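Both complexes shown next keep chain A, but they swap its partner, so chain B is in the first and chain C is in the second.
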Partner chain A sequence: MKHEPARGPASSGPKPLSLRLYVAGEAPNSAAAIRNLGILFPGGEASGKPVEIEIVDLLKEPLRGLADGVVLSPTLVRLGPPPVRRVVGNLSNHEAVLLALGVVP
Partner chain B sequence: MRMNHRHRCSHLQISAYSGVVKAPDRLPTFVPGLDALTDGGLLRGRTTLIVGGPGCGKTILALQVLVEGARRAREPGIFVAFEERTREIVADASAFGWDLPRLQKDRLFFLDAHLDSSTVHGGAFDLAGLLAGLSAKARELGARRIVFDGIDMLLAQLDDPAAERLELLRLHQWLYESGLSGIITAKTEQVDPSRSPRYGFLQYLADCVVLLQHRLVDTVASRHLQILKYRGGKASCNEFPMVLSGRGVEVAEYAVDSLEHEISTKRVSSGVPDLDAMLEGGYFRGSSILISGASGTAKSTLAGAFADAACRRRENTLFVSFDEGSAQIVRNLRSVGIRLDRHLKSGRLHIYSTSARARTAEEHLLQIRSLVESHRSRCLVIDPLSALTSTVGGPEARSNLERFLALERKLNITTLATSHLQGISEAHETATSAGVSTLVDTWIHLSYVIQGGERNRALTIVKSRGMGHSNQVRELLLARRGLSLTDVYTAGGAVLMGTLRWEREEQEREARLQEGRAFEERQRVTQDSVADLSSRMEALRRERDEKEQDLKRMKAARTGDVGTGATRIGEIGRMRRGRANPKGSGPARPPRRKP
Partner chain C sequence: MTPHPPSAEDSHQENETLRQENEALRRRLAEAEQGNEALAKGQIDAVVDATHQVPLLLRQAQDALRESEEQFRAMFDLTSVGVAQADPVTGRWLAMNPRMCLITGYSAAELLAMRIPEITHPEDRQRDWDLFQGVVKGEAPEYKLEKRYIRKDGSIAWVNVNMVVLRDAAGKPTRTVATIEDITERRKAAELLRESEERYRHIVEAASEGICSLDAELRITFANGAFARMLSFLPEELLGTPLERYAFPEEFDEFKRHMDVRRRGVAEQYERRLRRKDGKECWCLVSGAPILDLEGRFAGSFKMFTDITGRRRLEEQLRQSQKMEAVGRLAGGVAHDFNNLLTVMFGYSDILLQGLEPGPLHEAMQEVRRAGERAAALTRQLLAFSRKQTLVPEVLDMGDVVSGLSTMVERLIGEEIKVSVVVSPNLGRVKADRGQLEQVVMNLAVNARDAMPKGGSLIFELQNVELDDADTVTHAEIKPGPYVLLAISDTGTGIDAETQNRIFEPFFTTKEAGKGTGLGLSTVHGIVHQSGGSISVYSEPGQGTTFKVYLPRFAGDAAVRRPVSAVRKALPTGSETVLVVEDEAAIRKLTNLILQKAGYTVLLAESPDAAEQIAGSYPGPIHLMLTDVVMPGMRGPELAERLLRLRPDLRVLYMSGYTDNAIAHHRFLDAGTEFLQKPFTPLALMQKIREVLGSSGP
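== the complex of A and B ==
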């Protein structure tokens, strides 16, 4: 609704996975989420394809979370390809996260 | 000194009811009744927890504190909705006349913190990001109040008692540092929320805890509010009836802490001159009057007469009817010469008709209270009050009624209530009317007296505090020209009314008439005989005079005869030589003169 899928770079190939992670500074769950993201997508790739990852620090951009309807931190949003999907939490449950993002391990 | 203090207190509470007083460390809620309970409101800069089962009004109460704060105190606020969508909340609020879209422009901010069911749980999370955002928003808005509605939904998502406690602590800490006055609402499934472990900690953190309850009393849903905790202040811990009305939440706290109030000695007319005379001038202004009686004894008619008189004195009057609609009341009263339509047209009279069972007694009383307030009524009629006490009876109804009547008295509003009663025996009355009669100042009882095959209405003043009043039973007459009371006819120890009284009176009148006629007759006869005697006396006098004349004449004639006789005797004597004159031969004596 509020979150228009970010327009990925115009390419003829398969649409790249575009993610945005909202964190609250260095709060334990947020720090864990960043760590888990590194584990889930080693080298910034998923199944050999590049993954676009944007990290929004709500402590630095506090109003952005409210505007984007992000209540809990951390929250990971799959902006593309559609549909938009949300995963809340520190992403420690890898299986559930990958399933939600539609990534086949 | 003590009295002084009490008086000051009550004044303060009355003012708080209308939302004027702002105590320094209080957060006025502007919720009718609530500020009076807590001596000025919730705790400013602290956290208040509102707990209660589903549908007991937590969200509305919290929102009302926020909205009224923004409207009346111009304090911007933030509403964080964990349970419902803000769109729904805004739509629901329009039912209470709160113009949220307008307030949202500059004073209120609604955050949809409702978790989408499609959201995937990928591990532990916290509120750090949300609170950072809210801090920024609060600064931007200049917010003073914040509501976290449905925190239980959030806690359920955490699904970990340790995490729950951690996040609550975080929230509490944040509220404390932000300086905002916070309200957190939480749903409890149990009747007794203190047994719920989740809320034990929540209640421990909160500075003030308000419990809302929703239960059925005699098939009528009734709401209650109770303040379980009020840190560092005085608050009434009793359970108070709460009502959801067209204006939002209202608490039935009538701020009555003493029976001290201005006592009026001014009188207001009952609308029936004869009754005013019995009461030596009418009802006291600001007093409460109960008119009891079986159905059809003209209770409503007396109430209508009172309302009419009040309107004619140019006093705003509220007529609450649980029996009839406004048109019906107007029509019925017109038949006895009471015309309420013109008062309705002028707005002086307001008729509020409703079904007694539609709400709880408390809700009705609060509704009446708010109508009286908005209409600025000086006189109030409740017809019948027994509709309220019989719907939800018991000591609760009585105490509410007591508070209600006491407040009307305090505000100098003359309240006339009717009650369905069969007799005036106390036992029967307590059963049907929650002992209302002891709460009122004047009690008038109407009854039927059945005699000679007809029912007649009898009126008695059972009691009337602080005034002399007639203790006579009177007959109440309803006529096209209006109401009147007549002296009842007592004959041989029996009270006669209606046709019997009329017959008796007719008999008496006839007897008096006959007596009058007989007297006149006797008078006439006597006068005749006097006249007769007079004329006879006159005739007799005339006869006597005539006889006297005759006598004179007779005497005069007799003198002449005697003289002639003597001469003749002398002649005889002379002829018979002395024999005829034995005293010698002297000359004959001259005839004696008649004296």
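== the complex of A and C ==
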């Protein structure tokens, strides 16, 4: 599993796209969501701009999900730049995911 | 809410806030809808229970996780290889499956308290740990090693280990995972196979049989030392060469026939010659078996060769002696008939000679008589060869016999040949017929002379020898034991191998027609064998020849011979009664004539039965029975025994052309038995009768 520390929305300068994926261990949809994320942002980039991704396992850290208002797993949250957005599910509909995140393919 | 009338600015701000809230609500709605959709599609694994602050796995996810976990467990537990995890720093065991416990003989609890090196064989420990460290440090992605564990019971388990390292996000090794395959049985099987192969290779290499294998083109693919030695090559020189190269060209057809049989998948055994490096032959008993491939096609053959050159030589000797035996039997039978005829010829010749006045007729009769004597001498030789001649053995010093003859030998062979006699001290004695031994010595001396037309030397050597089993192998008819060896060596022309093989055959001669009978050496052969000895010849063309005569050394006391009365020249007469038993009418008639002329009273019997009748019914005394040895119905000695019961004073004189089979078994008539050898002359008969009757005449 790949962990990358999130810098948070308060970072200055041209803000990179910051994402956080909440999963339930290695459950099938969670694993699929991680895989799809890898496909959507190959090399950790979106249209040449860096993308920061944090993956949070709710089985290990359930409170973090509650704090972010996440009740379903898997859920992908766009932390920044604003607006904050959420996509629920295994992210298999790539077009819908990019649209929901506000990223132009 | 403030009571101020709404300003345009206020109104604008309010609108903006409302718009934003609407927007947020709309987004939340969209997200909720999207969440509902994901739920409906089964894309949700867990829902967080806000009250208890725990995530609840949905059933599908639970099942999948459990299944995945169970699969992993099953793989971990049931796999036929050991799986174990260890601490990358200390090497302490962290987890293992039951198979690992089986391999090492330790329980999981015991292993968890141990480190990898503790159960590793001391000889493998350092190497194993170095490799382990190498992988942990990232110098190698994994390691594979065949190593030994010391099991709990002290026995050794051979294992094949494959190890990788698990690392955390920072690349720090967290644990090692290894598969451990038990290869003890496989190694044991391989070791057994290797030992077995080594054992068979040793057997094949050490075998005295020649062993080789051929490929389908009949080229040698393997040859052991014995096979190479048979052909006087080195094994590696044979490899890849066609077997045909070691066959004699004249036997190629036979070779091809054998190989065709092999191609049909049939094994067989046969005798065949191999051609050695030096061109000489090596006779072999060959066992050939086809080698077939998995599809049953001819792929070559396997051959085993037993050297039977020695055996064939012995067989050849046996055939030779059997041939001699057969010829001897024939000669003996012929000689017996000759002796009867010659006895008659001598008898009537002598009677005629007595009646004829000196003159041409007397001379002519003398010639007939002399021809008869030559015929008799020839017959004696035939009998000696056939070993049917009656021997009168006595205990002799061979040195005396040879020395006594040396003067005569020197005169016989001429001045150009130097004769020397070497007698070793303490020479043993032999028991044999003196006259016959003299015949042996003279015969060999004459042969030596003929081989040295330009002169040379002739050496007689006498010594004691002990023959053992090995010696007697080359002398087919002789027993191991003490012998007296008479070696007669010349410096003559020598004898080639072909002639050596046939030299003792009767009527075999290398001399010109008329110069030899071909009976000389066969006679010698017969005499020596009849005396329990053996004769052999060693010769190289141009290097001379040595005949070696072995006679059994005599161990007992010398037999006392009856003194022989002096030979009387005048035809002796007598007046006693003589019973003549003879089945040959001509001899009976002749004997009757001679005895009557000499004054004897003669009773004639044509058979043993008739003789018994006469002995029982004749009123007067019977002083002597003159009887043949071999007659139909009863033999001479048996008849004598019966008659001696009736007339104990009866004297017995045997006459025979040869001894019968019963006597031949003993080889000789007992010393002291009165015996007259056919053919005999009237004088010899009269003298012998007087000799027998002389001491106890009427």
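Heads up, the rule we're going with is that the second predicted complex is superposed on the first by the 91 of 105 C-alpha atoms of A that agree within 3 Å, B and C clash if a C-alpha of one lies under 4 Å from a C-alpha of the other, contacts with A are read in each partner's own complex, and residues count from 1 in each chain.
We adopt the following convention: a residue touches a chain if its C-beta (ideal position, glycine included) is under 8 Å from a C-beta of that chain, and two chains touch if they have at least 3 such contacts.
None of these values were measured; they are calculated from a predicted model.
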**Study point:** chain B versus chain C as contact partner of A:Asn29, first or second or both or neither
**Key:** both
Review point. Now for A:Leu76: first (chain B), second (chain C), both, or neither, which partner does it touch?
Key: first
Exercise for review: Scan A:Ser18 for contacts with chain B and chain C and give back first, second, both or neither.
Suggested key: neither
Exercise for review: Look at A:Val87 in the shared chain and tell me whether it touches chain B only, chain C only, both, or neither; answer first, second, both or neither.
Suggested key: both
Review point. After superposition on the shared chain, which partner residues are touched by A:Pro62: those of chain B (first), chain C (second), both, or neither?
Key: both
Study note, to complete from the structure: Dual-contact residues of chain A, meaning touching chain B and chain C, are 23-25, 27-30, 32, 58-59, 62-63, 65-66, 70-74, 85-90, 92, 96, 100
Review point. Chain A touches which residues of chain C in the complex?
Key: 27, 31, 34-35, 37-39, 41-48, 50, 53-55, 57, 60-61, 64-65, 68, 169
Exercise for review: Sort out for me which residues of chain B touch chain A in the complex.
Suggested key: 111-113, 115-116, 118-130, 132-137, 140, 157
Review point. Within the complex, which stretch of chain A touches chain C?
Key: 1-3, 23-30, 32, 58-59, 62-63, 65-66, 70-74, 83, 85-90, 92, 96, 100
Revision key, fill the gap. Listed in rising order, chain A residues that touch chain B in their complex are 22-25, 27-30, 32-33, 36, 58-59, 62-66, 69-76, 85-93, 96-97, 99-100
